[in-house]
Every structure is written in C-alpha cells, then in structure tokens.
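Before we start, here is the structure in question, set down as structure tokens.
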C-alpha cells in the first residue's frame, strides 16, 4: 500500500466528522446536523445531475444529434416541450411529453405486471397435494415444514388475504371469518418481515462502526488515518459543541 | 389550525402506478386543505413528479375556490437521492411542524425514518403503499395504514367517478376468479392434472 | 386541443407498448426500444426543471436572510461546487484523485450511509414502542417478529431444545404464511396496476395531466 | 412500582438509541465470535457459479449505493473473486446512479489481482437511468442501450461483447440488488420473457420479497443480507481470510459483522420482552385497582 496523500487523509477525517454530525440527530435536531443535512442535499442533487448527463443525455441525445441522426430530433422536441412547463401561458405544451412518458411506462408495466405478478404468482400457488403427501406427509421438519398442511395453509392463506381486500361488499357472516383469517396471515407476514429486516438495519450501523474503527480499510491504510483517535476526538468536539449550544439555548 | 399538512407521494417515478394513485388522492387532499384555508407542503423526490404535483395542488385550490391561497413554493423538489430526500423531508417535519403527515405512494427504506420522525413530532400520520417490505413499519409507526391495493381503492373511492369505481368492482371480480382458479387448480393438480397451472404460465 | 393531443398521444403510445407483448416481431421490438430510450431522455431532462425549482425555492430565502438562510447557502454552494467538479472532470470524473471522486468518497458516501444507518436505532425504538400484545393481531405480529429475530442469528440456533427447530420454523413462516400474504399483495397490486394502466391509456385517469 | 413500570414503557427513545449503540460497539471491541451454517439458497447460488465453464460470460448488474454497501459489498467482492478465479468473463452494468464510484474501483482492483484485462476479460458498460425501462432495454438490445462503455469505447468493439447482444446471450445474469430497481424488476421485466438463468444477492430487507422468485425457479439462488454475504464468503474462502494468492488481504467483513448482529438482535428482543412484561403487570394492577 502506498502512502495516502494529505488530501486523502483530510478526506478520511471529514468523512468521520460527517458521520458523527448525522449521528448527533439521534439526540435531537441541532446545528451540526443541519449543516451535514444541507451539505448532503446539495452534493446529492449535483451528483444526480452530473451522472444523468453523462449516463443519458450525452450518449442518447447529444451525441446522436451531433452525429446527424435525424430520429433524435423527436426526443429533442419532446424535451423542449417539457421545458415549456416554465412558461406561464404555454405550460400546457408540457402535457404532451408527460403523456408520452406515462403512457410508455404504463404500457410496459401492464404486460410486465400482468405476466410476472399476476399470472406467475397464481400459477405458483396451485400445489400438488398428493405429491406433497408422497414426498413429505403432513408436516416434514427436515424440509422446513413442507407437506400437505403447508400446501393447504398456503392456498387458504392466499385466498383469505385476497378476499380480505374484496371491496364491493361489506364483510359479513362467513366473509367476516375469512377476512379475519386473512388479517392474521398478513400480521404474521408483517411481523416476520419486521424481524427479518432488523438484521439489515443493524448491518448498516455495523458498516459505519467498521469505518469509525478503521476495519473497512487495509491495515496499512488504517495506520495512517488513525480512525479510532479521530473518532474519539471528533465525538468529543461534537458533544462539546452540543453542550454549549444547549446552554445558550436555555439562556436565550 | 394554522399548521400545514405534509404530503409525501413516495419516492418513485411518476410512471409508477402507486405514484399516479397518490397524485389523484393529492388532488382531493389539496382541495380539503384549501377549504379549511390551511397550507399543504408536498415533498417530492422526482423532478417530474413535482411538476405534476404542482398542477394537481393548483387545481385543488382552484376547485375549492381559493386559487389565491395556492403557494407554488410549497411543492418542493428535495433531492432525487433516497436518503438526502429523507433528510430534507425530516427537516420540513422538524422545522415547519406539520400537524398531519400523509405518506401515500411507493416507499422504500426511508419509510421508517420518516414515520418515526413524524411520531416524535406528534403529528397525525396516514400512510399507504403497495410496497410489501415497508408495510410493517408504517403499521408500527402510523395512525392509519392503507395496505396494498387499498391505496388504489381509496383514489377510486375518493374520486367518486363511476368509471373508476366500476374498475374497482371489476378487479374484485378478477380477485374472486383468481381465488377460484387457485382452489380449483390445487384440486386438479393434486389429482395429477396441471391444466390450470399451464393456463397461467406464459412464454415457455 | 390542449386536452385532446395529450390524450391521443397517451392512447397511441400506450397501445403500441402493450402491442409488443402480442406481436413478437423483430422490427416491432426496435421501435419499442427506441420509445423507451426517449422515455429515459425525458426523465433525465426533467432534472433541469428540478434544479430550477430548487433555486427558485431557496435562493430568495438566502437573499432575504430568512431563518436558516446560512444552511440554504451552504446547500447551494455545495450544489454548485459539485456540479463544477463533475462537469470539469468530464468522462474521467470517476478516476481516483479527481475532486468529484473525492467529494463522492468523503462527503457523499459517509452522509448517505450514516443517514441509512440511523435505521438501526429507529427500528429498535419502533419495535419497543409498537410491539405490545394489546390484542390478537398485535400478539401474532409480535410473536412472529421475535421468532424470526431469534432464528436469524447464530445465537438462536445454539439455544437448547428449540435451537434446531427455530430456523426451520422461521423458514416455514417465510415460505408459507409470508408468501401467501405477499402473493396476495402482489396479485392485488398487479390488478391495481393493470386497472390503473388501462385507465391511463384509455384517458379515464388524467390527474397526471393536471386535469 | 406502577409509576416505574409506566415510565419504562414510555421511556425516552434516546435511552433505546444509547443501548443499541452499545450493543453494536461492544462485540466489535471485545472481539467475540460465533459460528454459522450455510443455507440452501446460498449453496445453490454458489453451486451454479461453480458449474460455469471457463471462458463463459456473465452479465453482472451491481445495483447498490453507499448505504447498502456493508451488506452487499462483501458479496460483490467474493463473487468477483469467484468468477475471475474460474476464468469467467464479466460484463457489468448498473441501474443505480451512485453505484459506479463504488463498484468500478473494486472491480479494477480485483480484476488486476487476478491478472484480468479490461475489454477482453471484463468490461463496465456504465450507469443507465430509467429503472424498468433500462432493464427492458437491456433485455432487448445491450449495445443500443449502452452505445459506449464507461471508458468511452464503442461497446460492440469490445472483445468481451462479441456475440453478446441481449441479456439472454449471457451464461447467467447476476443481480446484486439493494432494492429498487433491482432483482425484482429484472425478474418482472425480462427474466420470464427470455427465460434467463438468474441469481441474486440482496439486502436482508428484500430477501422475503425475492424468496417467492427462488421458490418459483425464477432465481437459481439467493444470498440475503449480511448472513447471505457471510455464507457466500465462507463458501468462496473456506479457510477464512486468504493469506496468499490473488485474494490476499480480503478481510471478509461480512463474516466479521455477523457477531455484532447477534447482540443487536438480543438487545431488541430483550426490549420487546421487558416492554411486554411491564405492559402486562401494569394492566393487571390497573384491572385490580
């Protein structure tokens, strides 16, 4: 590993400082967090614009136009019409490109959703119960509880959830019980989803903690940055600032 | 009274069906807000969604008879980066203190940060999305949550447009048809006849 | 005119895109692909409008020195600075050592990741507050969450008696009731999407056109 | 007593935050380690990659951002080592605007360590916005969607792109996906239509969403979240952090992180359980009085 430049070293420290600024939001909204927040907004928008320019505008519009591709005049006209949104009187012209883009997606989604979400999901929800019986019996622990019971539970759970969202008639009599079963299935799924998600969220914090302790870098690099020292010093600085700020707020 | 309503139409493009449903509901919400002579802040993640939301809110205020109360600076483009958008929207919640937060549309991981910030702000929170991964968080942190297709149903219901309501009814019938197919298909598959499965399989 | 043209465009483009599914001809694909690229260009161009809105909203606040104007100024400066660095860097902006890449690595990455990491804390407080066994629904929610949380980590697997069964039970919940619920949401959402898509293409749904 | 219990139930959430902070930091400072098993979905993913013949070409869509880096970057690194080790060629694209600065340096580094040439052994076609539209376009015509690669070369002139016009021309499609657009959209838009062989590594949050696709055979394998990445690391590097060869210096961060997950989970479970005990006792006392 080569030595880091001063700029890179400063960068590593700034990166840690910004991390701590955002974490200070856990205490409450404060000037340090606001600073980081606004910096984030400005930088993120600029990066979006730059990447969109090089990712789309340049290769798909500007270069073909400069290369004399006449077909590219059509999207150019659409773009110009979109910009009429800014004109007080002619803003209705922007409706044409908006109509175009919405229709293009709507058409794509229509077939995509119908195929993958509707048809495939329905097709996958018709288990062969006699096959399940032959392979697993009622309930097979060694195959995560596969078997006839699970097959039936899947079909009934799915049906009940779908019928819970039946809007045309009030849920009375038998429908009440079906709907109730549907809600319980939904709750089971939501709870499981929540529990499953906890892991991902903690993982994110681990990533930050790894950086604060220098574990994300090669050892030779980490030695130059002194991440632990930086973290401790910067944390003390931010906490010190918060204490002063709080005191001032109280006196004011 | 006097405190604004914050409306977040999700973070997906205009072309997403959930965003379109959200825009339709936004029209109704804006109209109601205008009738009470209150303010509505719309926080957008996608530039083109902001442009449309702006039109929708303007139309809502116009219909309520208060076109003068409409304020274009209240429909804002925040950032197209998910968490920058989230930070910016948090900022609105903390500093402009809306009384009600409405999250309708397609949400991802930012859902819980938004809903929790709204919760400590003691705002009334209404959420709705068809994004299954985020529903648990809205259910945990909001006062009311619309689940999945309820989001589409609300927009059709609020519009009171018979053509939209009828499409709702049509999807209900398809739903029952799907349930019938699943039950029948399972029975047939179990006696070794995969005809229903084949019927629903495309492109192989 | 103001209303008819957008509606006609919607109908023709939408129908054409749907048609691709039924007419798998090579030439047809060429045209739908072209349309999709145009859609990309339009979505990209809208960013200019977003930028203008942003400046319209924030610049006056800075000039009038409204509360928090200093922060807005920082935002606008960060925006301008990063834009300059990006466009000055051109095609090579992402090579190590450029200003743009520096901003990305040392400003954007930590801010983004830490904002996301706040969720680790929020999920704990949300779980603590919301998961109380107030009624049957809440109890089911809570039980499923605890079971999955335990089963997800190696420590759960090493518990006596139930350790072996925990991951299997979790897999069962994820594979059976969870899939049942999710499929129902998928199917419902697909129906909603198809219905709304058709309403848009047929011109019944015009909210996006500011009607 | 009652007061205390009620207070506990409504305690300031900042105490919860503090506790969570400790739960994350403690195991990192104390260096506690636990073992773990490889699940069937990750094994299936590994086996499928392992079965690729040398010289075949894989389409890799790396769709993640800094925020999801801790979960997905370890998989991404291990996967690149795995592919290059097997002499498989890689064509990489991304649908996330913030991905290129993350994935490009990593790929350059790992390809370099394996002695792979840009253009012949791997290529990065760049970022394409448009979400589903971009995916659809990748399914239909890649050179048209990416006329030039990230270095400004004409895509059709790259040796690695010879004979590769559509997604279906590749030996497999691997989606490293932090959410939308990602695995789900690939499956919806093009996997079914072209019957692509597709695998996925995703965040823990998306995993339950994608399991139906795995069950339905639309995905051949799935590595979910930090544990998925750790398990894949374990399969690719069975002897722990490599000390020699091209992968020398890999720190296997996901494997490290799995220890922290244990304590974090236990902390939240303990909170919920204590909260409920307090809730029940309060309710009982209130019912009696």
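Read from first to last, the chains carry the letters A, B, C and D; within each, the first residue is number 1.
In this text, a contact is a pair of C-beta atoms (placed from the backbone, for glycine too) under 8 Å apart; a residue touches a chain by one contact, two chains touch by 3 or more.
Note that the structure is predicted; figures quoted are calculated from it, not measured.
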| item | value |
| --- | --- |
| Third chains touching both subunit D and subunit A | B, C |
| Chain pair, most C-beta pairs within the contact cut-off | A-C |
| Chain separated most widely from subunit B, comparing mean CA positions | D |
| Interchain centroid distance [CA atoms averaged], subunit C/subunit D, Å | 17 |
| Cα-centroid distance, subunit B relative to subunit C, in whole angstrom | 13 |
| Inter-centroid spacing, subunit C versus subunit A (mean Cα positions, whole Å) | 5 |
| Junction residues of subunit A, two or more chains touched | 26, 34, 37, 40-41, 43-45, 47-48, 51-52, 55-56, 60, 85, 98, 101-102, 104-106, 108-109, 113, 115, 117-118, 120-122, 124-125, 155, 158, 162, 165, 186, 189-194, 196-199, 201-202, 204-205, 207-208 |
| Per-residue overlap in subunit C, given as positions that touch at least 2 other chains | 36-37, 39-40, 42-44, 46-51, 54, 68, 91, 104-105, 108-113, 115-123, 125, 127, 129, 131, 141-142, 145-146, 149, 152-153, 174-175, 178-179, 181-189, 191, 193, 196-198, 200, 208-210 |
| Contacts with two or more other chains, residues of subunit D listed in rising order | 13, 17, 20, 24, 65, 67-70, 98, 100, 128-130, 133, 136, 192-193, 205, 208-209, 212, 215, 227, 261, 264-265, 268 |
| Arrangement of touching chains [line / ring / star / complete / other] | complete |
| For the subunit B and subunit D complex, residues of the former touching the latter | 12-13, 81-83, 106, 108-109, 120, 132-133, 202-204 |
| Subunit C-touching residues of subunit D, taken from the complex the two chains share | 9, 13, 16-17, 19-21, 24, 34-37, 65-70, 98, 100-102, 104-105, 128-130, 133-134, 136-137, 140-141, 144-145, 150-152, 208-209, 211-212, 215, 227, 258, 261-262, 264-269, 271-273, 275-276, 279-280 |
| Interface residues, subunit A side, partner subunit B - complex | 29, 34, 37, 40-41, 43-45, 47-48, 85, 94, 98, 101-102, 104-106, 109, 115, 118-120, 122-123, 125-131, 151, 155, 158-159, 162-163, 165-168, 186, 189-191, 193-194, 197 |
| Contact footprint of subunit D on subunit C as seen in their complex | 29, 32-33, 36-37, 39-40, 43-44, 91, 94, 96, 101, 104-105, 108-110, 112-113, 115-117, 120-121, 123-125, 127-129, 131-133, 142, 145-146, 149-150, 152-158, 174-175, 178-179, 182-183, 186 |
| Contact footprint of subunit C on subunit B as seen in their complex | 13-14, 17, 20-21, 23-24, 26-27, 46-48, 50-52, 55-56, 58-59, 73, 76-77, 80-81, 83-84, 86-87, 95, 109, 112-113, 115-116, 130, 132, 135-137, 139-141, 147-149, 151-153, 161, 163-164, 167-168, 170-171, 174-175, 178 |
